[in-house]
Structure formats: C-alpha cells, structure tokens
Amino acid sequence: MKARIKVMLKNGVLDPQGKAIEGALGTLGFPNVASVRQGKYFEVEINETDLAKARATIDEMSKKLLANTVIENYTIEIDEK
Amino acid sequence: MKARIKVMLKNGVLDPQGKAIEGALGTLGFPNVASVRQGKYFEVEINETDLAKARATIDEMSKKLLANTVIENYTIEIDEK
Amino acid sequence: MSANDIEITPKLIAEHGLKSDEYQRILDLIKRTPTLTELGIFSAMWNEHCSYKSSKKWLRTLPTTGPRVICGPGENAGVVDIGDGQAIIFKMESHNHPSYIEPHQGAATGVGGILRDVFTMGARPIAALNALRFGAPDHPRTRHVVSGVVAGVGGYGNSFGVPTIGGEVNFDESYNGNCLVNAFAAGLADTDKIFYSEAKGVGLPIVYLGSKTGRDGIHGATMASAEFDQDTEEKRPTVQIGDPFSEKLLLEACLELMQTGAVIAIQDMGAAGLTCSAVEMGAKGDLGVELNLDMVPCREDAMTAYEMMLSESQERMLMVLDPSKEKEAEAVFRKWQLDFAIIGKTTDDLRFRVFRHGELMADLPIKELGDQAPEYDRPWVATPKPAMVPTSEFAAPNDITQTLAKIIALPDMCSRRWVWEQYDHLIQGNTAIGPGGDAAVIRIGDGPKALAFTLDVSPRYCFADPEEGGKQAVAECWRNLTAVGAEPLAITDNLNFGNPEKPEIMGQLVGCIKGIGAACIALDFPVVSGNVSLYNETNGTGILPTPAIGAVGLLPDIAIRTTIAFKAADEAIVIIGATAGHLGQSIYARDILGRRSVDAPPPVDLAIERRNGDFVRDEIRARAFTAVHDASDGGLLVAVAEMVMASGIGATVEAPDDIALHAWAFGEDQARYVVTLPQSSVAGLLSRAEKDGIPAIVIGATGGKELTLKGSAPISCETLKEMHEGWFPAYMAGPNLLNA
Amino acid sequence: MKSAVIVFPGSNRERDMLTALEKITGTKPIAVWHAETELPKVDLVVMPGGFSYGDYLRTGAIAARAPIMADLKKKADSGVHIMGVCNGFQILCEAGLLPGVLMRNNNLRFVCRHVKLETVNAKTAFTNKFKQGEVWRCPVAHGDGNYFTDPDTLARLEGDDRVVFRYAQGTNPNGSLNDIAGIINTKGNVMGLMPHPENEIEELNGGTEGRTLFESLLETVA
C-alpha cells in the first residue's frame, strides 16, 4: 500500500525557509505573494494489505520519526492498491 | 488564493534522505516498509482573484524557485477562497 | 530486454561521441560490429575525459619525478614523501559541465569524486580547496551558479568532515555558459600503507563496495567531453546526486578494510564508473577482467548491462580481494551499512568480459580499451607573442588611493569571505592558517610538522601568452607557499581549455603545458597528479585558458610560519624583489582603464623567482619577518592594503621617484614579497640581501589607522575593509533563482 | 575525569572532541558506537558535532532514536553529566533531553566563523570557571543553529537561568531566539551548545578560551 504523509510546522513556529522564499520571491518579481510556508512530503510504500493496520503503522511512524510533534503537525493519506 | 505545491525528485534520481529514513524505520521496528521518498511541500498565499492568473503565477514561481526542475517535478493544487 | 544487439547506426555512434575514424578503429580492433554495451564501453573509455587522447602527448613532457615523489601521475592521486614515514596524497579534478547544468549537485559530486581519489589510496583527507570560475556578474545565470556551487562544495565537504581551507574565485564573461569547478583534496597516509589500483593475481575476486547503482549520470563522462549547445537541456537527466553521508561511511569503511590486509588493489568508481575502474585495474595489471552484472547491487529495477556499465552513481569503489580475508572484509562493510558484493574475477587472457542474465554482453581487449586507447597529435598553432607595452601607454589615475579603493572592491579582487564562511575550515582542529592568506596551513597530527596548500592561475595572462601564463601560475603557487614559510614540494594541475580540435585552442594548451613544465623544472616542483578538461565552450566560444595549479609545501616547524597581517606599529615595510611597474594585463589596465588589447603579461624570470623565494624562506626560517605577503594581482599597493585590512594596523608608504606612481602602485611584476620587521633589524636584512644580490628597499612603516601613500590623501582601514568586504554579500543579495 | 564520546554514522567532530578531552583532562575518553546499548561508567558523556545520518529528515532526528539513546536517558536521570555540541545539541533536543529545536540558520547558509559568546550563567557544572557575564571567542560551524521554542518554554528557560551561553555583541550567526547559543536542563546535568569549544583550546586555534568549559567540568564533575 502507498501512503502520503504531509508534515507542516505548527502555527507560530518560525519557518526560516518559508521566510527566505517569501523574500526571494519578492526580489524575483512576485509582488502579490502574501505568505509562504514550507513543509515536508513523504511517499511511503508498505507491504500491508489491511487498510486499518496500514493507517495505524503509518501514524505510528509519523509520530515516532517523520514528524517532530513538538513543532510539526502531520496528515496522512493512504490510497489502497 | 491559496496554492499547494508538491515537489518530488524525478524518478530514478537518488534520494539520500529517503534512503536514510528507510533504514531508520527498519531499525525502529517497521519491517514492512518497502520504500520511502521525501519531497517538499509549499503553501503559498497570493493576492490574486483570477484563478487562471493565479495558476500561471504559481507555475512560474515553482519553475523559477520552488522546484529545481533539473532533478525535481512539481504539482500544483489551487483552492479558490 | 537487453537491446544489446540493436543496430549500430552512424547516428548512434555520433551520440556516443565517437568520431568515424575512432569507430573504424573499433571495427579493426574487434573485427565485428560492437554490441550496444560495447559501444557504450568504448565511448566511455575513449572519450577525452578518461583517455586524455588530445593531451597525453603533451602531459608526458611534464617533470613528474623528484627525491620526494613516491607516486606520480597515473594513479588516483599523486603521493609525496613528507618524512617520518608519512606521505601526502593529493590531486585536483574538474566537474565543470555538471556544475553548470546543476550547480549544487554538480559541485558536490565534484568534491565527492576528488575525496574518493584520495582515500581510495589509503589516505585520510585533511584538506580540501577549490578553484571556481564564473561568468560575468551581470550575466543572468551567474548568481544562481555561484550560490549553487558554493553551497554544493560546502555542503559536501562540511558533512564529510574535511576542512575546506582555500581556493580561488574569478568572474569572466568567457565562463558565462561554462563555469569551472576544480576541486582539490589532500590526504595523509603512512608510506608503507598506500594502496594502488593495479590488479595483481589471476582468478581473484573483484568486489563492489559502497552505494547502490542507479541510472545516474549515464553518459556523464561523454557529456564532460562535449561542447554545450542549445539542446543541453536534453542532457539534464544525467545529473548525479551527491550523498556525503554515504561517502563518510565509505571513507571509514575503506580505511578499516585496508587495516585487515584484504585489499590487493582498489580504485574508486569515478567518471564512467564500473567500466573505467574495472578496465583501469585490469589493464594496469596486465590482467583480464570478467564481470557478472547480476551481482551488482542496484537501486532501480531492470537495469541493462549498458546502463550498469555507464552508470555514474556516486560513492562506489571496486577492489581486488584477498579471498582468505573475505569474511572480515564483508563484516566491515556490513557494520557501516554499505554494500559489499563479489561481482567478478581477474583472468589471464587480457579480455574484458561482461555477463548479464548469463548472456555475454561485451567481450573486448582490455589493453586497447585502457592504457592503449587512441592518442592524438592534434594540430596546433602557437599563440602569437604579444607586445610588451611601455608604462607610458597606460594613463595615470587622478587619485591613487581612490583607485586603490576601487580595485580592492572589484569582483575579482574583493574579499571571498561570503564564500569561505560557508565552508567548515576549522574541523579536525589543525587549521593554523585558514582561508584568506597566501597559503593555508594545516598541522600534521600533533606537529611540529605542517603542510601548506594553495591554488592559483591567472587566466588573463594565459590568454595573452600561454607559456608565460603557465610559468606564472606555477611560480605564484611556489611563491604563496614560500610566503608562509613552507618548502614547496610538488603540484597537481587541472587544465581547463576549449575545443582542442581548434588549432588555436590546442596551441593554448601546448603553450601552457610548456610554461608549466619549464617552471616545474626551474623550481624543482614536480607534477604528481592532475586532470584535463577540454571542450569548455558554449556555442563555439571558448573559455580563457585556465590551467589551475594546486600546490603543497612543507613546514618543518609550525611555530615558524608567517601570515599577511601586520603585527605591530612602527615596523619597517620592505619590498623584496625588483619593481619595474609592468602594467600589461594588470588588474589596473583591465578593470580601471578598461583596456582590452592583448598586451604582454608580466614576464616570469624563473631564476630570479627562485633566488628571491629562497632568500625570503631562509629569512622566515631565521625568524627575521613579522609578516609576509607576496605581491600579485593588483600590485604592490594592493598587497600592502591587504596586510592593513588583515590587521587593522595602518601604514605610511612612499614610492621611489624613478618610477611612475601608478606603475609602482599597481604594476604586477613577479617574484616580489612585501615583508615587515622591527626597525632595528632592517640594516641587517638589507646587507644580507645586497650580499645575495637581491633587490630590497624600505618603502615605509606600519602604524596608525590609515593607509597613507605620500603625496595623496590617506584612507582609513575601516573604509578599506568596508569596500573590500562589501561587494560579495551585496551582489549575492540580488535576485537569485536559488532552489529552496 | 572519565568521559565517553558517542559516535554516530556521520559524526565528524568526534576526533576533535576526543583530542580536546584527552589534552585537557589528561585521561583518554572512550568512544562509544551508537549501536551499543550500554554506556560505560563515566562522569561525562559527550555528543559530538557532525552530520549524523547526513542531517537527513531533521538534524539529529535519526540519531536521537539510536539504540544507545535509551541508556543515555537513564544516565541523564541518574545525574551523569551530558554535553551536546552542535549536532550533539540538536540530537539532545530531538531526544527530548533538552527543550526546543534548532532550525535552519535564518539566512539558510552554513556558517563557519569565530563569534563572541557571553557566559550568562557561570554557576553550572559546565561553566563555573567562567566569570559571570564573561565574553569569550569561540568558533561556530553549522547550518542549523537557529534555536527556537514556544514562548512559555522560553520564559521558563530565561526565568530559571537555564540559558547558559548567548551570542554577544551582535555576533548571532543564525537568528536564534534571545541570541541563545547554549542551554541546560532543569537538573543542571545536561547541556547543549552550538559553538565548538573543542576547537578553541590551543595557540594554533588562535585562542584557548574553550578550555575553561572543560576545566569547569574537571573541577566539578570528577
């Protein structure tokens, strides 16, 4: 099964990359950019046919490793295949 | 308007991060992980009401800045608001 | 699946960068049409990058031996004896074309490649340097290339854990479409524990080490020998990604492996990966090689023999293993979580055979692929000798100090801090002199020994007069090492030129090599390694001839070293070496007067160079000087200004009246050093100099917070520093297509 | 003083740290491989600088989950002194032994230079030989030294004098909150800092102020 995990910084957490990109976009002539936030995106293939089990596993690995839950939120999408 | 840009390495391009995470998940007790690929995710707010214009702008900034089109592909989603 | 027997069309042959006469040579050699895999193998082995077919004839003329040379050109890197059973192993290599296509990854993998060349011989890297050449600052792509290349060089070296301690940065429009990234690395080894690539013994296992193989950089080696044109886009998928983390593991694993005695021969997989390394190891050892590609660790599915043989996936090595040590050897690589796979064996029939799924995909004569590859004597025309232009032809500025301030803020002359602060130049804790001086100095272990490193070349001199330019590049390296108190040992060279099929370009290459050779002989400064990068052109315009020289020197006692910073006020400032005020090809002429005519560069008198340098070194060793700086780009006044800026201590200097002031201030005569010493010991120095027939004159004294040239308005250290430090950060703050 | 240095795949300043410890404490430290499950009995455990696991995912994230970490946490609870330098600091934060996180430098560039540090708490086991408020020279070499935490945690850190080092005189190289360069845990036995005192210990380094930190430990810990 294939899972897609999106990890974004929580609101209020400083995002140096987002800030820098905002700035760069300005100098590159994109005046109408209001804000940029950068996050991470993971595509994980797991050998698991049971959707519920898969979701549980993915959720656990997100908590344990993929996201630092002190500063980041994550969302999971799983497409059965 | 709010746009979400997903940037992934092109197929076949080495993904050292994905590789390292794969290994770590293994040692953390997730044996059934087949593969991990890591990408970037951006949320961009732009002051633009015209959907077509917005899409064009986002596409241009993705090419110019957000994605390294030599090694990365990007996909854009825009939700009108 | 393995479309190995597809028809070999002229188009296909051309796409593999093989000329029709070369293809004919293949047919004569194997007496049949090659398979696709074989065509790929030939294209990889016979291209310029791996075969040196255009340059070999001339490289042979370089002096490559000396009392301290343990191993000269021909191995992965040169090996030089530094006493006490220790050797320094170093080389410089280009990654120009990949760095233009993808600056960050191109530069990163360039650094990775040269580090492997060094540790594949058993040396732990202790220093990295890099010579970078970019297009004109106002060219739309330049800023992106600069930020990407610097981030790539730093990103790889910093993570790997080697101090990056110096290099060069130039801007010139001739590099607009073809930047130069020349990476230098040096490593330390015991003279009795050096490893070579020559295979020995028949029927021994050939082992694949490191990261897995993917479809990375297929045809990278061919690309590195192809001129750019509009369809460069097409070549993009060949970009390789560097993984410094795996490289660090590979370093530790290899050094541990070498302790086990399992290694009979070892060779990194660089350009043309598996093909080049396997063929080189076999050919050098007069052995055949047989590979079973089914055993090669792959990252991607369904890779064909063709793809595996041409893949340039990074962080991989090939070795000939002592079978009795297999278990230990494998354990080491498992510990470091790297691949270890026996993929073939040595044979006694001088054939290079490759099997895939039991099928014979290639069967070629190994010697002709390797050390007997084609060699050309390309037609060349010598660059016409440029005219010596008298000082009177160069207009004087209205204000010398204002002109000085302009010069130290030029793109080619300003501080490179923005660049080297992105490099970890302190790691390993042995950096005695970091970036920003004449040469960087690294302590060996706990000392007292230390090594000095520098890179140099002045492309504008080489363009005007290749032979003098070649000499000058070597001489300036020798001078830089001398200026810190080091004994110059040996050099590596990285020859970057345009299309050698053009007689004028070939003439530049020949001229530069002649000059380099002459200087190496006169200065006892042998060439122990190097690299050639040709076809550096975009749409038919060649780069300036750029034979970058990397040099290494030895300090017996690190306590006796000199730096460019003034140390105290009221010390005498003395110029060692004659000042004629040569302005041809000077920064002043090019950038202040905007002069474009091809005037003669400053002549290099190698005998004088040596005499002056040996004198300065002896005085340094006798602790006569408090600061030393060689005068080069920009001239005397710029050298003094750099000493002022490095210390924050001012100076008052006066020109003799028998020479035009601007020629004295900005002329670029060679073989000169600016030194400081206590007033009390000036007389002694001058008489020793006179006795040896060395020109030495006092031009002033240190002190205050300003640089004052008698007869013109003083300028404060602060202003000088601001001007000098300002350009790079300001430039890089401009619009930049950086990739987040 | 007996000390151990934990080595992870990708650590690269462990040799600098081992040398510094030996030169200053006179006893050879023990290098411990991350895959071990138990630390030797020592007075000080150091997490060295480097790029453990290539800094992939997040700096220190993968190393923080290495086998040895369980025992490190035990040792922390039992009061053993633990110091994380640069990547070591990042790992301690990811492992939850110190609060907050080290984000990308605000200009997104790696920075290697000498900065001025102010010792703002000279009462810790790691700093007692510094004068309170002493300003000293030390090199930094990192791409992710931008200390960040939520307002409450920050207030607590400041309130409890748990900020140990600050970048002084406008030399903050990374944009960290309140110029924070180093912090300590509530118990006072776990400290992390971004700068590299181990590279400022002899004439060759152009300064020896880094020694004071090791000498402080030498005095209190053993």
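By written order: A, B, C and D. Residues from 1 in each chain.
We take it that a residue touches a chain if its C-beta (ideal position, glycine included) is under 8 Å from a C-beta of that chain, and two chains touch if they have at least 3 such contacts.
Here the structure is a predicted model, which is why all the values come from computation and not from measurement.
Note on interfaces A-C and B-D: more C-beta pairs are in contact across B-D. Per-chain Cα centroids separate subunit A from subunit B by 9 Å. Centres computed as Cα averages put subunit A at a distance of 41 Å from subunit C.
Subunit D has its Cα centroid 34 Å from the Cα centroid of subunit B.
Chain centres here are Cα means. That of subunit C falls 36 Å from that of subunit D. Counting partner chains per residue, subunit D shows two or more touched chains at residues 53-54, 56-57, 62, 65. Counting partners per residue, subunit B has 16, 20-21, 24, 28, 38, 40, 42, 64-66 as the residues that reach two or more other chains. The residues of subunit C that reach two or more other chains are 243, 245-246, 337, 737-738, 740, listed in rising order. In terms of inter-chain touching, the protein chains here all touch one another pairwise. For subunit A in complex with subunit D, the residues that touch the partner chain are 12-14, 16-17, 19-20, 64-66, 68, 70-71.
Within the complex formed with subunit D, the subunit C residues making contact are 151, 154-155, 158-161, 243-246, 248-249, 336-337, 420-432, 443, 558.
Interface residues of subunit A, counted against subunit C in their complex, comprise 17, 20-21, 24, 27-29, 38. Those residues of subunit B that touch subunit A in the shared complex are 6-8, 18, 21, 24-25, 28, 30, 32-48, 57, 60-61, 64-66. The residues of subunit D lying in touch with subunit A in their complex are 57-58, 61-62, 65, 94, 101, 103-108, 146, 148, 150, 175.
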